[in-house]
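We just call them A, B, C and D in the order they show up, numbering each chain from 1.
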Amino acid sequence: MSVGNNSTDPSNGAYLLKAKDFATDQDVRWCPGCGDYSILKQVQTVLADLEKQPHETVFISGIGCSSRFPYYMETYGMHSIHGRAPGFASGLRIAQPNLQVWLITGDGDGLSIGGNHLLHLFRRNFNLNVILFNNQIYGLTKGQYSPTSEENKKTVSTPYGSIDHPVNPIALALGADATFVARSMDRDPKHLKEMLVRADSHHGTSFLEVYQNCNIFNDGAFEAFTEKDTKPENCLFLENGQPLVFGARRDKGIRLDGFQPVVVHMSDGAATTDDLWIHDESDLIKAQILSRFFDLPASEGGAGLPRPFGVFYRTERSCYEDMLSEQLRDASEQGGDGDLDALLAGSNTWEIH
Amino acid sequence: MSVGNNSTDPSNGAYLLKAKDFATDQDVRWCPGCGDYSILKQVQTVLADLEKQPHETVFISGIGCSSRFPYYMETYGMHSIHGRAPGFASGLRIAQPNLQVWLITGDGDGLSIGGNHLLHLFRRNFNLNVILFNNQIYGLTKGQYSPTSEENKKTVSTPYGSIDHPVNPIALALGADATFVARSMDRDPKHLKEMLVRADSHHGTSFLEVYQNCNIFNDGAFEAFTEKDTKPENCLFLENGQPLVFGARRDKGIRLDGFQPVVVHMSDGAATTDDLWIHDESDLIKAQILSRFFDLPASEGGAGLPRPFGVFYRTERSCYEDMLSEQLRDASEQGGDGDLDALLAGSNTWEIH
Amino acid sequence: MDVNTITSEKEEVVIKFAGDSGDGMQLTGGLFTDDTAISGSDLATFPDFPAEIRAPVGTMAGVSGFQLHFGSRRIFTPGDRCDVLVAMNAAALKVNLGQLQPGATIIANEDGFDAKNLRLAKYADGENPLDNRSLDAYQVIRLPVTKLTREALADLPLGTKEKDRCKNMFVLGLLLWRYNRRLDTTQRFLEVKFRKKPDLLSANQRVLQAGYHLGDTMEEFTTRYTVRPAALAKGTYRNIMGNDGIVLGLLTAARKAGLPLFYGSYPITPASSILHGLAKHKHFGVKTFQAEDEIAAICAAIGASYGGNIGVTGTSGPGVALKGEAMGLAVMLELPLVICNIQRGGPSTGLPTKTEQSDLMQALYGRNGECPMPVVAAASPSDCFETAFEAVRIAIRHMTPVMLLSDGYIANGAEPWRFPRSADIPAIEVSFARPTADGTPFQPYARDERRVRPWAIPGTPGLMHRVGGLEKEDVTGNISYDPANHEHMVRTRAAKVDCIADHIPEQAIQAGYEQGDLLILGWGSTYGVCQSVTLELAAQGYRVGHAHLRYLNPFPRNLEQLIRQFRSVLVPEINNGQLVSVLRDKFLLPVRQYNKIQGTPITVEELRACALDILGEQ
Amino acid sequence: MDVNTITSEKEEVVIKFAGDSGDGMQLTGGLFTDDTAISGSDLATFPDFPAEIRAPVGTMAGVSGFQLHFGSRRIFTPGDRCDVLVAMNAAALKVNLGQLQPGATIIANEDGFDAKNLRLAKYADGENPLDNRSLDAYQVIRLPVTKLTREALADLPLGTKEKDRCKNMFVLGLLLWRYNRRLDTTQRFLEVKFRKKPDLLSANQRVLQAGYHLGDTMEEFTTRYTVRPAALAKGTYRNIMGNDGIVLGLLTAARKAGLPLFYGSYPITPASSILHGLAKHKHFGVKTFQAEDEIAAICAAIGASYGGNIGVTGTSGPGVALKGEAMGLAVMLELPLVICNIQRGGPSTGLPTKTEQSDLMQALYGRNGECPMPVVAAASPSDCFETAFEAVRIAIRHMTPVMLLSDGYIANGAEPWRFPRSADIPAIEVSFARPTADGTPFQPYARDERRVRPWAIPGTPGLMHRVGGLEKEDVTGNISYDPANHEHMVRTRAAKVDCIADHIPEQAIQAGYEQGDLLILGWGSTYGVCQSVTLELAAQGYRVGHAHLRYLNPFPRNLEQLIRQFRSVLVPEINNGQLVSVLRDKFLLPVRQYNKIQGTPITVEELRACALDILGEQ
């Protein structure tokens, strides 16, 4: 861990880690311009800001460009096998409940081959943070469509266009009873950092989908949300307790007609912020409605509902490893610390003289 | 196919198949009293009622007690491997789009090892019917808890009680964009048959969860919903376009306060059916709310919302195999039927003389 | 004891208790076994359950059996053929008739041979084997057990159903009388079992006594038999089943290594009972994790080992097929891991409730790339304890995944076990990597003389490093595409496994001659039959020896030399010759083979005949 | 052509085109190869791509290369060492210097050796290999290619970036001149390629000519070289890469069987291009299905075969590890299926972009239970066509899953192929089961003389039946726990695969002597090097022969006898000796082995040396 020009904690004079202290000496092998760089930088920054200890932090990934991530973090790390990171992370959480575990996955790694493990991770609610790099493509294998690719996508494996209906990761996570569900994007460092902090602070499995640009095989997939001219019209940034407002002049909002969300314009006095839907992170039903703001951005001919970013839903539920530790504690309080000789003897023995 | 005492179609004098014509000569190996028997009987009856042809019908299952099903159906059948039935069914649908495919799975087969395949089946929307036998236990392996088992369940594998938060199959299917989502129970043959007919009539993947009693390892898991004294209070039978009414005297209903469903009593005049929520199968958001009527029945100390049975949600979306056939048709219309010699030669050849 | 019964002695007896799943034959057999053990006999038992969870009452599919073989000599198998068959109904008789000794005794419950039972057992209309002289070759004792049971309980306030459930005690009592036992032990067990149900207790005790006294009173019973105690090593014994042996072996090894045990598994026959057994022992700090599938189970176990626990996963053949990719990763990560494969009949789903040894090649080769892994195999229920301990020891000391092979026959079989005292069990040394004093960078793939890399647990300051499935540079562990490094690593991983041979015992001859005409070389659950046949033939003067392989990869260093002490080698396997292939490959040695692929153990008769053929040719 | 250049003849030449990923070296090499092919030379090519998708410009990790070996004699490999290296930048030179012949020609683009490029190539400060005499052993031609290109395009309305993208044409032109070619073929290709971009077309043509003319004008170039046409069989040729060979083989076999082709796959290097290739050919009725994982992919393929298509799945080692359980089911179902394994460096994720032959044991044994499966292996890019055809034929005619092995070296390598005329390709006979005339019940596991069961497609009236992974009774296919039946079925499944040996060609000697001192016995991608070495040594009078195995299970009937015609057998493999193990097991035969496990092919030098050692000992 290279120690840069020291800055110290005024309170105790202890050395304070900086973002670059979380960087390894390995050359980063992503393509120039890849959205992964930004995510890496924000993660390193956030870990430093949160004064995390590198040796108490573990990054576990599957396989994919995104899953190269652990090699670039000066923490403990495992670049495992395709789609299975949740398994390794679950075992590690059980073995070492004091470590901080980050799980890095992609739209293929986490939603194609690894979908089932992710769902079971959500329901067990292990206390760790999942960052899903969604670039709507298989990057590492050079450009096949992925479960999140839009319909009729032409790729090397679908020259006639893909015919699978895409996964809605947020809706899926909610359906699987995830306790923390959020979305951010590579191109908005401030928001991304904020979401990383939120994810870290949640006790339970935090699921953070990050829109990430693959500038080689799927360049501009998220332009409508990331480019400053279209972003304000297409992105709805969720803030707990705040009305759902968006638009360059923050003059548009979301109101609910019964259950149907509609866009209302406040400029033309058609509505005021008081009429608007107030975001409530703890409301699963509303979160499920928000997760369905999923059609094409208006600029690309969609129904015109903006794409939400931020924390859709958050709830408290006991974590698997906490309950397990409790069972172990109770068991040894009752059963004692386990008398090996008694165990070996079992309930019924006899002597041969 | 044993042909019983003939009954014939008055119109054309053709022999009409009866339920027992869909039964094989194999002894059924389920435990006496198992809920599977009822489901088998209803399926055989429905196939006969719908005048299905045995040779055009295929049952594909994974592994589990429930997955023994195909052996008892005088149709084509494959008892495949654990959790993978969706793969085989997908391939078969693509190869033979004219066959009628039924996929039989269990809560372990379909939601534990096979969860991911089921989700991808849903989004691809192959035209087939999935019947998930949910007995909230692993039957064939003799009684371990399953992904649908209630929390703190004591089983051979969890003597201290299970600590996994259970899967909500309906919510999960909705989160995965299934196009037909319904629930029924082994003990209500009439309703079960109705749901089987509905599932069959849907063009796309029909997901039907059936509560099934495992009287050996999880007896009475669904008593509250199946026994006549508690059933009316705990079950809400959904009918499209009808108000949500339940109760022995059909005097209770569901109203929505904002998004919060509440039980209202019509006897005490507190409400009339006009105030009630009208079921709309095509409304995904409402279906999602209904899927959350999932806590313990009131009789077992739950919040008091009844458990819904019937079709939660239904929508039309193109099926994978139809779109694929179309692509193939277009391709040969453009590319011609494929000139093998041209293919072998490729774009660039030369002569050696 | 009344005068006109005489007592005769027997060296060994095989009894089969058979009845409907509901007749409680497993309990009956178990109780008689306990009493037998205490009487000092050596013994072996094997249950056979119906393939279905609950097959219809009275059908052959529903017959449940329990076989006990005991004697005053060493007993290694549950026995080929039965001297006594208890048949609680017609189906039980039909299913087991083929397994009887000529002249065997059949104790039949008449009440289980009524029209209905006969029909369910698929006897021809009007045919009752008890009447139609078809059993003349046997000594048939027919008793209206149900009737007698009800009579014995006539005055008790129990329903007929409950009363009938006691009828197995009647048979038990009768057999205890027949083998000259006393009732007290069994009484005590019943007291424990029915502590909370006093009326059931007295009912069962009454019926037990009724059966016992019938022996004294009934003319038919002229003889009682005694079996002298066997020459067993002095000490304290218990009964043990194979999967329980694994449970205890894993718990003991973890304790002796001072590491928490993590067991990740997905239920599958016949491995599930390991999960069940371990889950009961949370007060030993064992963490059991029922995963969503076999892949998640092994990955979680690897994750736990990465975190400094000893990670173990268990399954059967089809599950192992799913774990191949993750095992490959474990080989690359060079972390401790134990994979238990309780083999069953294959291929595919195969015969889940039957036994087989057909996953050896899969254990050795069922992964992509050059992916060497140590493989050990248990030979018997009690040997499961030591083998599981060894698997953990090797995994930890050599930082490698280890495959432990057992099978359905061992898993469900039981035998007496002179269990060790914990104090006598050696510790397993574990050394986690510590931060380098001089702050020099940590090298996760630096190796010791055994080619073993350090185990550096996340949470340790200063040892941050990255591991993964891509080829890595030796010493530093950085990703490396360097051609020479790849070859070096492939050969290093192989050498690391080979070098385990320097840290395991040499192969010994376990019975018979150290050299001579025929070596019976086995592995796994054929141990008992190999021992029996070898001792028998050696006693008859044949120069036969038996060696049984616990270590299948690497082999003990002296194996080839040991084999070459014999003119012929016979390898009996419950597969199509898998160890044979490995031996031919390793030693270019023509070996004879006996293969039985019927989901059932090789019998003494079968192996003896084969061995004698070979000896005859010489 | 100007007077002061002379023309000399060469028997063979190896050229390496190397530059940054962006420099278009693959295209340059491809175009030069096309022209070379038309000139009548025999040839072989191999690309080497950077391991990363887009490594940083100018770095060694970013170097992309294309190697061409052509000559007037038969050419079997891309060549060990290069006679000519085109180095578009410093990194390209550094990466490839090790591969050069002594005295080789280096054509270096000066503009790629500026300070920045030198630094990125990790040359010491101030060191430029073009200046510091470190290349004195070679003949260095340094040209400011970028500058010259820009000059050639000075007056064109293109951005510098676009102009610079033409610089590979300059080199191409120069090399066409050097090897005495004309420009017309290449011109034609450019016309096609840039049909829609006239300005880019003229730009590229201009630069091409500029490079060509430089040859005439520049003093340095005193010699042009000609390579006579090789003695190739007359006919029409095309170039083919390995995975395209599989694509064509599968499509042709399906067409010749009159069955729709279903390909279920999950992307993985280096197998993905089979999926890409097949997806392009929907007008051949091929149905491609990109599944959610490898397990779903093979299950879907089995489902398609169950439905009467020919189901195929393709992957690489780690994916095969996941398919083991489903392959076992396919063996039980006895349905046609082809599993393509394009092997890569292992174990685990290993070296995804490198080649290896280390999945042979996995192919043979990587499943639970006794689970025999035929295995065939392709020897070269063009052989992929025939081997894929054979795999489909065996799968259909013998109703069995078949494993087809290729590897990254074959997949990405290319060679000229005298492709067949469809009319000359035999049909594959398929007979679906038809309803029994007499209405007798259908027997799904009745077998013909090859032990093959009927293929009864759902939708056929009267043939309703159930299949599955549990052991089944022969003939009826009903579930059966009968011990004897299980053994019968295990042996039947094995015999069924063995009997395929009666329906494949006997093994032939493919080069050199039919008997003698040394047999070089290979399989898979070592074909070229085995041929080269054998022909060379045989020409020198050594009694060496070469046999290359396409059929790895079962072996051709005559294999052992053929092997025993030689004093020694040498098995070269890009693994740790897997075929060697199989041969030792099958034939108890000591074989010599040459193993290279570096992710790269065995070179002629290496194999020659090893062969000579063995011959020397004799």
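Here is the rule we go by: a residue touches a chain if its C-beta (ideal position, glycine included) is under 8 Å from a C-beta of that chain, and two chains touch if they have at least 3 such contacts.
Note that the structure is predicted; figures quoted are calculated from it, not measured.
A.B. asks: Would you mind checking which chain's C-alpha centre is most distant from the centre of chain A?
C.D. replies: For chain A, the chain whose C-alpha mean is farthest off is C.
A.B. asks: Counting C-beta pairs in contact, which comes out ahead: A-D or B-D?
C.D. replies: If we tally the contacting C-beta pairs, B-D comes out ahead.
A.B. asks: Provide the C-alpha centroid distance between chain B and chain D, rounded to the nearest whole angstrom.
C.D. replies: That gives a centre separation of 46 Å.
A.B. asks: Measuring from the mean C-alpha position of chain B to the mean C-alpha position of chain C, what distance in angstrom results?
C.D. replies: The separation of the two C-alpha centroids amounts to 40 Å.
A.B. asks: Counting only Cα atoms for the centres, state how far chain C is from chain D in Å.
C.D. replies: Using C-alpha averages as centres, the distance is 48 Å.
A.B. asks: Which positions in chain C are in touch with at least two other chains?
C.D. replies: Only 282, 292-293, 318, 325, 328-329, 348-349, 468-470 qualify.
A.B. asks: Any chance you could list the residues of chain A touching two or more other chains?
C.D. replies: Residue numbers touching two or more other chains: 63, 81, 112-113, 115-116, 120, 147, 160, 324, 327, 331.
A.B. asks: Please give the residue numbers of chain B that touch chain C in the complex, ascending.
C.D. replies: Residues of chain B touching chain C: 27, 29-32, 63, 65, 79, 81-83, 112-113, 115, 138-142, 144-145, 147, 156-160, 216.
A.B. asks: Can you name the residues of chain C that touch chain D in the complex?
C.D. replies: Result: residues 51, 316-318, 320-322, 324-325, 328-329, 331-332, 343, 345-354, 356, 358-359, 361-362, 364-371, 468-471, 481, 483-484, 486-487, 490-491, 493-494, 575-576, 581-582, 584-585, 588-590, 596-600 of chain C touch chain D.
A.B. asks: Could you pull out which chain B residues touch chain D in their complex?
C.D. replies: For this pair, the touching residues of chain B are 1, 24, 26, 53-56, 58, 60, 63, 70-71, 73-81, 84, 86-96, 98-99, 116-117, 120, 324, 327-328, 331-332, 334-338, 340-341, 343-346, 348-353.
A.B. asks: Which residues of chain D touch chain B once you look at their complex with the stated criterion?
C.D. replies: 34, 37-38, 40, 229, 232-240, 248, 251-252, 255, 260, 262, 264, 281-285, 287, 289, 291-293, 295-309, 311, 325-326, 328-329, 333, 418-422, 457-470, 478-479
A.B. asks: In their complex, what parts of chain C are in touch with chain B?
C.D. replies: 52-57, 59, 61, 266-269, 272, 275-276, 279-280, 282, 288, 290, 292-294, 318, 348-349
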